[in-house]
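Given below, in the form of structure tokens, are the structures.
In the two assemblies presented below, chain A is common to both, partnered first by chain B and then by chain C.
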Partner chain A sequence: MKLQMMYSFMKADIDLIEKELHKAITSDSDLIQKASLNLIEAGGKRLRPIFVLLSAKFGKYDIQAIKNVAVALELIHMASLVHDDVIDDAELRRGKLTVKAKWDNRIAMYTGDYILACSLEYMTKIENVEAHRILANTITEVCLGEIEQIKDKYRFNQNLRDYLRRIKRKTALLIAASCQLGAIVSGASEDIHKKLYQFGYYVGMSYQITDDILDFTGTEKVLGKPAGDDLLQGNITLPVLYAMNNMNARTKILTVHENLNKEEMKEIISVIKETGAIEKAHKISQRYLQKALSVIKDLPENRTKKSLIDIANFVGKRKF
Partner chain B sequence: MKLQMMYSFMKADIDLIEKELHKAITSDSDLIQKASLNLIEAGGKRLRPIFVLLSAKFGKYDIQAIKNVAVALELIHMASLVHDDVIDDAELRRGKLTVKAKWDNRIAMYTGDYILACSLEYMTKIENVEAHRILANTITEVCLGEIEQIKDKYRFNQNLRDYLRRIKRKTALLIAASCQLGAIVSGASEDIHKKLYQFGYYVGMSYQITDDILDFTGTEKVLGKPAGDDLLQGNITLPVLYAMNNMNARTKILTVHENLNKEEMKEIISVIKETGAIEKAHKISQRYLQKALSVIKDLPENRTKKSLIDIANFVGKRKF
Partner chain C sequence: MSLQESLNLVASIKENVQQKITHHYLTKYIELPFIDEDRIILLLNSMVDQNIPKNDVEKFVTSAMLIQIALDTHDKVTNHGEDLKKRQLLVLSGDYFSGLYYKILAEVDNIPLIKVLAEGIKIVNESKIALYRNKDNDIDTYMNNLKNAESTIVTKFCSYFGSSHLYPIVEDILFLNRLIREREMVNGGETSALFEGLVKCIFPTKKVLFHQLSAEMKRRITDTYDQYITFSKNRLKEYLKELKNPSLLLGQRIKFLVMERQTVFNLHLEEG
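Coming up: the complex of A and B.
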């Protein structure tokens, strides 16, 4: 089943969010407008807005109030992507040139700042103090995650805990906040928004681990960037950590540096695959997915819950 | 008179803000803590918190409520400085190594993001929706100002309007917001907070023009960076715009490029000075200063108003 089919009953509202995203970044500065549009039009799954809208269905659903949360969260995500691309020196994202590649690092830095600032403008439309606190705290954590990622680059002696804490901050907390805030802003009960927070957290962990696996198992065409790119950038992900338990693979991985050519990277990737590290990482991803499904099992049975389950399954199993 | 003397009656509260700033950036990440502290301990005049506190004296002054605004505004300012240094490739600020020089551009980018996020956390403590809107809008404008500054680098055919719009966004609006928000959060009347906003705007314009003049008239020792550095970075400021009305100076200025050596820059600086551009720029700065003083002349006469006048005069006339 295609992702869009899983929430087709919300199509009108998702289209509205898309329009709002365009409106949000409108600026009288030509350059910034083009750079921000570059990012919006590169697409993306809009997972965070979808989770906001779905979660809001558990309370008093009012799209005019909820759209502000959905737009704010997607903009925070996009701002972090632009800054990420500077850090990772990434030329391509979703198969398209990044802002830093199309313009330069300086423009990318301020495009990220600008998009974050636009997000803040949307946040001010949310009349719920708790929502503000959660959003601000989430942004701080995302930044800390990014900083840890820089610090941990090429640090081969890190452990599983370092990795999990990093992806929690980098990915899971924002998805958790999306689920939680949809419920909070629509006035759902505390029990529900806490469960949705946990659901989002587990889905986010599973999502990021799958993403890190795909870096090794995907092709350049479907990834929109070369395979093994994360490792080439020095990002030590779960498959790498598992592969390093094998002494032969460990020796090979320790030789990785940023100027590795495609053939050399191909060899490293097949060494990693041979250790069974991909399967081990996949198992952890599945475990998070199961936790996600388990935590919402008591929620009322309805179309929305079915969507959440479908999307979680999609996220945990996607091959692209 | 020294700046600190002008608000000595608020010393205890200013010290409290200083402590809060340290608390605000506390993190369990060693690296980010050090990078942020680097910035806080480099000092600075803390003009924005001072304006917040002084403006709050026109309403119901409660330091526990007002400190959140003061800290949030100073953190926004600091975040923009870190990102500025990346753009300007600056090695020194206030005579100390910048974050980007001590670590690198990537760390500086996320340190800026982190400090901005800390600012948001303080903002969430402010229970005033209007204050949130003003802050969010100010951040957007500051970003747009920074982006314009990048776009306008080495663009020698820009005019006075371009320059004024840029410094408005880059500097004046944040100072205006400081004055306005102090008054708003302390519940001063609309008439007062509108006047204080205008006062801050004019002071900010005067301040930035003076800063741009000092780039040519200051010594490396007092500036904490080489003289002529702004122009070397391609920032076309008011003295440069005026100097370019002189054909001889114009020809010289058009030869400026980023690899100019100190001797060559020295010559350009003296050519600019000979045109009388410094005096003309100074006149504009003074005109803004006069507007600032004029706009608050109807405010109640008290110690606070005297401080505002003293600081405005200091800002407009400072030689360092």
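Coming up: the complex of A and C.
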């Protein structure tokens, strides 16, 4: 089933969010306007706004209020992508030139900062202080996670705990916050918004582990970057950690450096695959998924819950 | 508040900010950002006589300082020739400092101030893009963009606390500080983005850097530059006359800026 089909009953609201995203970034600077539109029109899964809307269905659903949170979260995600492309020196994203490639790093910095400000401005339409505290805390944790990622690059002696802590901050927290904020702003009970937070957290962990697996199993055409690119950049992901339990693979992995050529990387990817590390990582991803499904078992049975289950399963099986 | 009490408060806020931006790993690779005391003084002045608890005053000013530092940090991200790790950490530390501004204000429940400062961030970045691209700018537009980039966070803060009357002082102090700082850089033989921008404004057809210009061309730029410094100083002298109590910290700072911080061009203009 396609991702969009899983929440088709909310199509009108999703379309509204798309329109709001366009409205959210209006600038006197034609360059900011162009760069931001480029980004919005490049699309994306819009996972965060979808989670916000679905979670809001567990409370008093008012799209006019909840759209502000949904838009704010997508804008935060977008702003971080613009800056991430400077960090990764990335030329392409979703098949399109990145802001830093089309213009340069400085323009990307200013555009990202502008989008983040738009996001916070949108969020301030929400008066719920708890929602702001959760989001602010999430933003700072995400940044600290990214700083940790830089610190841990090419640090081959890290352990599973380091990895899980890093992906929690890097990915899971923002998805968890999306689920929780949707519920909080719609006035759902504490029990429900905490469960949704847990659900988002587990889905986010599973999502990132799958992402890290796809770095080895995906094709350049689908991923938009060469296979093994994460490892080449020094990111020690779960498949790498598992593969390092094998002495032969470990020896090969320890030779990785940023100037490794394509053929050498191809060989290392093949060695990693032979160790069974991909399957082991997949099992962990599935385990997080099961936890996600288990935590929402007690939520009221409705169409929304079914959508959350479908999306969680999609995350576990996705190939892109 | 007496001069000494003001000085203590400024020092305490500066220490708070310093503490917030100090991160064991970041400080290994990037310089600790500059914490501008003049900005702290201006931010504090916007809240004078408003009966805001001291703890809140400190938090509001700290958050505005953090956002300014975040934006300044992102100015340091270059396009080429820099250590990759340093560039990556400049991006992330700026993002982290932005997050801290939001976090502090969310903790003290001040959502309207989050909004006002977010509006300010937008204007600052629009102005920075205009400055950076510097396309078809006349010199007044260029300097106006610089003024906005330097002062909007503080003027937005002032507007929130009903101190719009401080706008001109804020604009001129921060503008003048920047002009003097950049002039000192040029005097020290460094490259100044501001001077290169002026070359583009005044000699749009010349594709050369400031230091490659002839002595006469350099003089034209430095004369124009000095005019802006003089105008700002003169305006500040006028504000000083209208200030209720010029012996307090803000008055002292203005006096220092217009009277004492005397730096002049020591360029070897004949070397063009």
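Basically, the second predicted complex is superposed on the first by the 320 of 320 C-alpha atoms of A that agree within 3 Å, B and C clash if a C-alpha of one lies under 4 Å from a C-alpha of the other, contacts with A are read in each partner's own complex, and residues count from 1 in each chain.
What we mean here is this: a residue touches a chain if its C-beta (ideal position, glycine included) is under 8 Å from a C-beta of that chain, and two chains touch if they have at least 3 such contacts.
For clarity, every value in this text was computed on a predicted model and none was experimentally measured.
**Q** Following superposition onto chain A, is the placement of chain B relative to chain C best described as a clash or a fit?
**A** Pair status: clash.
**Q** Looking at A:117, would you say it contacts chain B, chain C, both, or neither? Reply first, second, both or neither.
**A** both
**Q** Considering only the touch criterion stated at the top, classify A:188 as touching first (chain B), second (chain C), both, or neither.
**A** neither
**Q** A:144 in the overlay: touching chain B, chain C, both, or neither? Say first, second, both or neither.
**A** both
**Q** Considering only touches as defined above, state whether A:27 meets chain B (first), chain C (second), both or neither.
**A** In the superposition, A:27 contacts both chain B and chain C.
**Q** Go through chain A and flag every residue that touches chain B in one model and chain C in the other.
**A** 27, 29, 31-32, 83, 86-87, 105-107, 109-111, 113-114, 116-118, 120-121, 123-124, 127, 129, 132-133, 135-137, 139-140, 142-144, 146-147, 150-151
**Q** For the complex, which residues does chain B have touching chain A?
**A** Listed in rising order, the residues are 27, 29, 31-32, 83, 86-87, 105-107, 109-114, 116-118, 120-121, 123-124, 127, 129, 132-133, 135-137, 139-140, 142-144, 146-148, 150-151.
**Q** With touch defined as at the start, can you tell me which chain A residues reach chain C in the complex?
**A** Residue list for chain A touching chain C: 27-29, 31-32, 80, 83, 86-87, 89, 104-107, 109-111, 113-114, 116-118, 120-121, 123-124, 127, 129, 132-133, 135-137, 139-140, 142-144, 146-147, 150-151.
**Q** Within the complex, which stretch of chain C touches chain A?
**A** 23, 25-26, 70-71, 74-75, 77-79, 84-85, 87-89, 91-96, 98-100, 102-103, 105-107, 109, 111-112, 114-115, 118-119, 121-122, 125-126, 128-130, 132-133
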